[in-house]
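Here come two complexes built around subunit A, the first alongside subunit B, the second alongside subunit C.
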Partner chain A sequence: MSDLFLAYESLIAFVGINGLLALSVYATLCCGQLSLANAGFMAIGAYTGALITLKAPGVPFIAVLAAATLAPAIVAVPLGLPVLRLRGVFLAIATVGFGEVVRLFFVNWDYTNGALGLVAIPQRTHLWTIALALAVALYGLGRLRGSRTGYALEAIREDETAARTMGIYTTGHKLAMLVAGAALAGLAGALEAHHTFIVSPGTFVFGRVVDMLVQAVVGGTAAFYGPALGAAFLTVLPELLREIGARLGLAPGPFRLFLNGVILLAVILYLPNGLVSLPARLRRRARGSA
Partner chain B sequence: MSLSLAGVSRAFGGVRAVDDATFTVADGEVHGLIGPNGAGKTTLLNLISGLMQPTGGRIELDGHRLERLPPHRVAGLGVARTYQNIRLFAGLSAVDNVVVGEHRQRRAPFWRRLLMLPAARREERAARDAAEALLARVGLQERASVPASSLSYGEQRRVEIARALASQPKLLLLDEPTAGMNPGEAAAVARLVREVAGEGRTVLLIEHNVRLVMELCQHVTVLNFGKVIARGTPAEIAQDPAVIAAYLGEGP
Partner chain C sequence: MGQQILNGVFVGSIYALFAVGYTLVFGVLDILNLAHAAVFMLSAFIALLLVDAGLSLLVALPAAVLAAGLIGIVLERVAFRPLRDRADSNISGLISSLAMATVFEAIALQIFGPDTSRFPQGTFPDRTLQIGDATASLLQLCIVGVSVVLMAALTLLLGRTRLGRHIRAVAESPRAARILGVDVDRAIAMAFFLSSALGGAAGVLFGLAFNSISPDVGRSVELKGLAVIILGGMGSVPGAVAAGFALGLIEVFTVAHLGSSFRDAVSFVVLFLVLIARPRGLFGRAAAREA
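Then we have the complex of A and B:
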């Protein structure tokens, strides 16, 4: 019985951590910028947090998390200033490059045991820590809507040129959201490191940021809670379906990837605005048949 | 607010889209900018609003040099504009488009909203009320919650004017505000432009509707192939042989 609870506890923890990561991608997505640097930011946060905990065990966990949030946010400024001049797919490519540079840096850094990574990190993350972090992130992003800043972000997403001639400092807004996303990703990285006992570069491959993006898109980016919803959905569903995969004789890893692909395809085809648009769509359908 | 251009040029490769343009828009006047298609009128507006940098010359707004400023700083000096090919925020409703236009007027910082202070809520309500009043002014109060992309062409143009007015501009740049409108709608826009000028705002108007220009403008500048070929009152322009030649071709 307690084994069962432990298994679920970990699942719930990952729902929260993945929720934070999906929101970190949403931060730039909501002003129309496709930045894929977040696996890199997450790595910086995870390593920062793990190193402090391992080298200076006396530092309180809240300070560790603060440092892990701050470090990638600081790195995001000199990264953002040049790359945010790029648009669309060019920004995506440049930020993917950044993520790979960060990963390769940690692969080659002997101080953090290279490709093996840091192990035996004390478990300091509790479910309530994750829940609190997610709640704060959701609150902050939720309050944006309807504010002067929120309107500016929507304007930038819709038409950057027109936004500029309305007096909106687009570079500053885009940079602020990149920094906010980096902070969230770093926080999630540190929470994960202190939950799984281990940090290794293999966690921060390109596929990780694709996961974040898929969760954000499946949940829907029209509402601030969509990405968290998508993360919960895509984290829990494979666990529920794992049994079926096992019975069919499929390995769990590839089966999860296959399932993610199928779900993404289904959402794009039948629910292009994500899970958050499901209620409105059902209502329309009900009205249509009545 | 007076605007003066001195020897302003903009070249695209070998093409001189604006070539040594010199003219002044006096404070509080409605100034017409006309010329055949491709004369460089829109390029000139892009240069003034900071979307493009001139390759030569100077642009001054009440003593402020504009030609090296980014667009949001130009807007900060009190310049607002509309676009020939309409650039509304298509996914936002009509009223939200106008609220975005108030960006420069609003000061409430985001932390105040994070803390849910009543001051933030008051400011938001005031912004929305002001936007709705502006929509009413262009005759679209019933269409406030309609997505901009679902509005008719003429309605979109009027929302764009309301959005520009939301920033309380001292200089308003209008790029063919009546294009695609029926005569009734065009007359309403003409009334609005006159009203706006009556509030002491300076208007620079690109327009192909000659009668409208004759009615509204105190002064007119005529461009052809990037060059200023005539300046003067509408009556003088109508008599100018260079203008007649540019529009109708040389006589035999």
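Then we have the complex of A and C:
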């Protein structure tokens, strides 16, 4: 058992980190806002954490993580105020632009070695750190459900204009969720940086935020634990199926990509509420046929 | 100066051609087709395969463009039509197009590998011309020419033909168009065909211009295409053309005066400023739209 655990330690770590990232996208998605800035927020968190660890090794890890969580959250406020006036696809595009600007900033910043990035970051992330972070995030998002704020977010998701008419402070709620998502992404970034020893701008490309979104959607955004489930599913499944791909003579990279695409397509077409809706759906089908 | 304008127009013509197709689908369906860049990439590879098989570029280019159009029809069938009646179709459509883009990229990676592929030498005659104080290669001029002709053809098609009227009617209101006897499904399928064909043409021209094609070649153009359609106004074909050339020129002048490291950043800064100051872009419709 412990051998198995060691062999898959890195995979388990990535399940947790990807779970946090998927939840960071879910934070804005649950009030109906598609924000794709999270690779940028993640980069800010990762660089903040890595720089502190490298330049001031004495700082305790918990303080490093706190700084990495706080930095993107602070950036999210001036970003969100103008950008959250945009809706739907326009918001998505504006936030994609932000993510790219952040990435290009780090590519051109000599202090962080430009495109090469920061290397030889000491490994300070343990599995329990990730598990704890994920648990806290899940608890926080779970508590929203059924609370006053939770209902307000749902109202904004269903109809923003109607929600505002009912006296819900829509801008504040949307901004709060953007900030929360930024904080989660930053935390995940710092955890990843101290797990993989390296931070480079190439990690925070547009494709990264797409991965987060895909995991959130595949898991299902109707429930707060859906995105974490989706992240776990899409992180583990390609590893399980790698043998099959190899036997078919397919290279692991393309095969993984292909699988992601097909799963995403199948989910969005046939299971619009994601994997979390699968049990209810199967039950309904079983009852229907009986 | 003259040289920079020329270079800007050259890069801009490819951006414009790519963005015109992007914006056409958005105008009709209000959906961002994120697989557009993947079609761009696939089409470049198809042209490369045909040229490698010994065909002339004069055959390979139209064939690849046609193939791209057909891929567009498949794309619409698989990823967009099943979602059309769903309430959140603009976000679910965005995601399903993303899924198709991923599948296309995986196919290209499997077949062609991650490395850069190139057109064989002599695919296009290597000749340079002098225009005023600027030099241009024959290839660059042909690329600008082909782009302009294709965009003019699209404008004529949308403005003057029966199909164009149908597509515009569906863009205005699918329900009203259906009541008036327009075959909405067919109009949408044709819009996808045209959009993808133009995106495919842009891909082949891009591959020829920089003589490098790889499965992720669409990535950078995809994000710049977003900047172009935002600047031009979502759904506006003339806007995308104007904004494409504008972005090409802005980029070339940025490289000349600020350095090449700012080239990519400038398009996102433009995108950002336009979205905040004037979300409908240069030519967009004035009505507030909840996309």
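Note that the second predicted complex is superposed on the first by the 283 of 290 C-alpha atoms of A that agree within 3 Å, B and C clash if a C-alpha of one lies under 4 Å from a C-alpha of the other, contacts with A are read in each partner's own complex, and residues count from 1 in each chain.
Rule of thumb we're sticking to: a residue touches a chain if its C-beta (ideal position, glycine included) is under 8 Å from a C-beta of that chain, and two chains touch if they have at least 3 such contacts.
Quantities reported herein were computed from a predicted structural model and do not represent experimental measurements.
Of the two partner chains, neither subunit B nor subunit C is touched by A:C30.
By the touch criterion defined above, A:V83 reaches subunit C but does not reach subunit B. Of the two partner chains, neither subunit B nor subunit C is touched by A:L153.
Of the two partner chains, neither subunit B nor subunit C is touched by A:A223.
In the superposed model, A:V210 makes contact with subunit C only, not with subunit B.
When the two complexes are overlaid on their common chain A, residue A:A231 makes contact with neither subunit B nor subunit C. By the touch criterion defined above, A:L264 reaches subunit C but does not reach subunit B.
Between subunit B and subunit C, C contacts the larger number of subunit A residues.
After overlaying the two complexes on the shared chain, residue contacts for A:V107 are found with subunit C alone; subunit B is out of touch. Subunit A contributes residues 139-140, 143-144, 146-149, 151-152, 154-155, 157-159, 161-170 to its touches with subunit B in the complex. Subunit B makes touch with subunit A in their complex at residues 49-51, 70-72, 74-76, 80-81, 83, 87-92, 96, 99-101, 103-104, 106, 108, 110, 113-114, 116, 120, 124, 127, 163, 167.
Within the complex formed with subunit C, the residues of subunit A that make contact are 34, 82-83, 86-90, 92-94, 96-98, 100-101, 104-105, 107-108, 205-207, 210, 213-214, 217, 250-251, 253-255, 257-258, 260-262, 264-265, 268-269, 272. If you check the complex, the residues on subunit C that touch subunit A are 26, 30-32, 78-79, 82-83, 86, 90-92, 94-96, 98-103, 105-107, 109-110, 114, 219, 222-223, 226-227, 230, 234, 261-262, 264-265, 268-269, 271-272, 275-276, 279, 290-291.
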